[in-house]
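In the two assemblies presented below, subunit A is common to both, partnered first by subunit B and then by subunit C.
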Partner chain A sequence: MPKITFVSPDDGRTTVEAAGGDSVMQAALANGIEGIVAECGGAMMCATCHCYVDEDWLSRTGAASDEERAMLDFAASEVRPSSRLSCQIAITEELDGLTVHLPEAQI
Partner chain B sequence: MSSERVVIVGGGHGGFQMAANLRSEGFAGAITLIGEEPGLPYQRPPLSKAFLKDGDAARLHFRPQAFFDTNNIELMPGTRVSRINREARHVTTATGTEIGYDHLVLATGSRNVRPPVANLHLENVLSLRNLADAADLRARLSAARHVLVIGGGFIGMEFAAVASDFGVEVTVIEGADRLMARTVSGAVSKHFLALHEGRGTRVRLGRFVSELLDDGTGRVAGVRLSDGTEIAGDLVLIAAGVAPNSELAAEAGLSVSNGIDVDTLLRTSDLSISALGDCCNFPDPVSGNRVRLESVQAATDHARTIAKRLTGKPAPYTAVPWFWSDQSHFKLQIAGLGSGADEQVALEPEAGGLVVINFAAGRLISVETVNSAAAHMSARRLLASGRPVAQAELAAHNYNLVDYARAV
Partner chain C sequence: MAFAPTDETITIDQLTRDPYAVYRRLRAEAPVVTVRSIGRTLLTKAADTRAVKDNPALFSSNDPNTPMQRAFQAHTLMRKDGEDHMRERMAMTPTFSPANLKTLWIPAYEKLAGEYLDRLPRNETVDLFPALAGPLAARILAIILGIPGATDEEMQYWSQALIDGAGNFGYADEPFARVDACHAAMNAMVEARVPLLKAEPDQSALSVMINAADPIPFSQVLANLKIAIGGGINEPRDSLLTVLYGLLTNPDQLDEIKRTGNWSGAFEEGLRWVAPIQASSRCANEDTEIRGVDIRKGEIIMTVQASANHDEELFEDGHLYNALRPKTSHQSFGSGPHHCMGTHLARATIGKIILPMIFERFPDMQLVEPEKVVWWGFGFRGPLSLPVRLN
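Now for the complex of A and B:
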């Protein structure tokens, strides 16, 4: 099972094992990661599962779609080129070892 | 902090968010979350969409059990509350257990309406409200050949889209003269009618089902319409709307009209009791009219408003309503409430996309979009600003909401 590491704003690192086919958001919720709120449940209707993809992984996760960009405009924390909605990153074996950074606030 | 123990009745979206928000707002007292269904609280929106395809129930949970343990939220699943004793400040469960509260939150949601149709008891006649319903529907869908959907609202049309993806023949029967008539404008109804018909779904508008037909063994074999027409089918979904679960409140003497009446702070007529989500009606901050919304947004934002009040930060509810519906590869998004619109501008910015901008007395009140997320989010931003947007201002920007929102 692919491993995903979440880094909190105070640099706390938590590594979880994710079920293939889940999104990064689902992996966070299933493993009690604080800092991913996911109010709409992954429907791309809010921006409360915002994360920053670690620079080393950007080429493998790909960029946000136009629709996702539009939602990210509503994020509570600064939006950077590495910003993604974690509900839109599907976990594959290729992403084993992925590191994402959590923003200061989601709401 | 006035409350020491908050009891939440209802373990749906609003009930869960209420418990989670109380903790994130710093509430240190006891929280008891009572839900009628078994298991952990879960999300309902995917039941008519992704779950019908993947059947993965674990993925629907808002949070794992550990979240409730860590946050000291007492979960009482499989528990029905049958009575509120306001004087003694406790609720009584169906099995007679009394649970005391300092503050009570009613998050009882809504239930499906049973339309006045004969033979609803037949086998393979289903409705869709909870996980058990969805699992049943999913199991039967794979064996069905022709699905009949009674009701062309969000749930009926989302299900129709999934069923036709399964390769099943689908006929939708809707009493109104257009689809989703209660929630969307005529332009959006027309757009989705073309979408569904283009996928081979038959849509019968302005028709009422009077009776379900028995195949002779107690299984449904089709429907008879009020004009006598018969349509054959081996699986029927009843999707004829919902009614608020307000009986518990009414029996306790709380003020109830279309749902439980609450004020701008979401308090019922008993200040020790709040209500949220589908089961309550509240003053719309824009029009002042009482509205009852069946949406994730209302449940979530109501919960946040109540959590802030119970932790000493009271503020009136002002959130902009939003809704969505996924049907095939079309995403409908709505910002604001369109009832009362007296003028409308419809644009088709790209193939398959649609933006309908609704005005009342020359002022922007709501925007409906199809596959136009940027316009939707711009509308939410504009409506949330509280600053009135005149139609003339938008016209000067060729009704381009994204440009206008950037400019102001």
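Now for the complex of A and C:
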């Protein structure tokens, strides 16, 4: 199973095993990662599963869609070029080892 | 395993007046319990309410035995699942896009908020429920929905009639007769706007829905607007009043919020403390289990987000308003596919505009006899008045 590492704002690292087909958001919720709120449960209607994709992985996760980028306008923390809604990153074998950084706040 | 225990003692009157005492006991003693007077199985723990709402395949939003369809004269998106729900919801979402909020609705609200605050009298007692919170919520909603000709009074009257009808579990005649009269007025108001918005489309909900390339049936356009009217006034109204009450009864917290400017935090805490929508229904599609309790196919579950927001596992002294609370993740906007469509609008307008504006205008605002403020409601909840003195 692909491994995903979440890095909290104070540099705490948590690595979890994720089921292929799940989103990064679902992997976070399933493993009790603090810092991913995901109010809307993956419907891309809130902006509370915001994360920053680690630079090394940006080419593999791809870019946010226009709708996702628009929704990121509602993110509580700074939006950067690496910002994504973690519900929109589907986990594949290719993303085994993915590292994402969590923002200071989601609300 | 066993089915949920049945509680014969809890009354609707208790849940209307002081639900939090009941929920505290249920969280400790029977977090999955069938309440005879409600006829539903209540979930009072945060993990359970969230899990049910996030699993729409197992828990349908269609609670068939409610007066809602009768009251709304329609089967609305609130009670639909999957693609049926999503199609009707998506018909309205363009109105609530981030771009529209930023360029249209937030600036409109800011202007209205200033105007409504200008009208408030100083140096006398004024009740902010009818003088500010209700009409301001009504006005911005009328504009966003595309029926700006509806007066604040009409919007509030219709909204209350829809709420009273949908909550008319005793199927009494009066609430249905009243809401039926409101439907006639609302339909006339909307139908008169259709040709105008066909000729000159804008970003309002009515315009976006009727001018879509593949529009939903007009019956559902009406139903969507009425859902927004039924839910889009009391929630911003009650949450604003709740936050004001919380801050004004905790002056030390208010001082700190004024210093830090974290009005959004104060707003989120108000939503957590007294959720404007306290409970929602879901129907089990299959036999399942929750927290070791068997749930039968067809059983109606109530997720009590009001209780989830006070869950001792997540919040210390959850019964107290504390704007300085470090973490206020709550379930008041719901979760899953029915997550509140007005979330971003509420956060931007109440959390970022009206709260700082009102305290800037009236820095020494005082509650008048806060002990006399009555809190009311089982499904929807808020203070029935908020008398203040403005300087």
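Here is the rule we go by: the second predicted complex is superposed on the first by the 107 of 107 C-alpha atoms of A that agree within 3 Å, B and C clash if a C-alpha of one lies under 4 Å from a C-alpha of the other, contacts with A are read in each partner's own complex, and residues count from 1 in each chain.
Keep this in mind: a contact is a pair of C-beta atoms (placed from the backbone, for glycine too) under 8 Å apart; a residue touches a chain by one contact, two chains touch by 3 or more.
None of the values given here were measured: they were computed from a predicted structure.
When the two structures are aligned on the shared chain, A:Asp22 is found in touch with subunit B, with no touch to subunit C. Of the two partner chains, neither subunit B nor subunit C is touched by A:Ile91.
In the superposed pair of complexes, A:Glu39 makes contact with subunit B and with subunit C alike. Contact with both subunit B and subunit C is seen for A:Ala70 once the two complexes are overlaid on the shared chain.
Of the two partner chains, subunit B is the only one touched by A:Ala30; subunit C is not. In the superposition on chain A, the chain among subunit B and subunit C reaching more residues of subunit A is B.
Of the two partner chains, neither subunit B nor subunit C is touched by A:Leu102. Looking at subunit A, you'll find residues 39-41, 43, 45, 70-71, 73-74, 107 touch subunit B in one structure and subunit C in the other. By the touch rule above, subunit C contacts subunit A in their complex via residues 53-54, 93, 97-99, 102, 264, 268, 328-329, 333-337, 339, 341, 343-344, 347. Of all residues in subunit A, those touching subunit B in their complex are 22, 26, 29-32, 39-41, 43-45, 66-67, 69-71, 73-74, 107. On the side of subunit B, the complex with subunit A involves touching residues 17, 43, 45-46, 58-59, 61-64, 66-67, 70, 296-297, 300, 304, 322, 324, 326, 331, 333, 373-374, 376-377, 380-381.
Considering their complex, residues 37-41, 43, 45-47, 70-71, 73-74, 76, 106-107 of subunit A touch subunit C.
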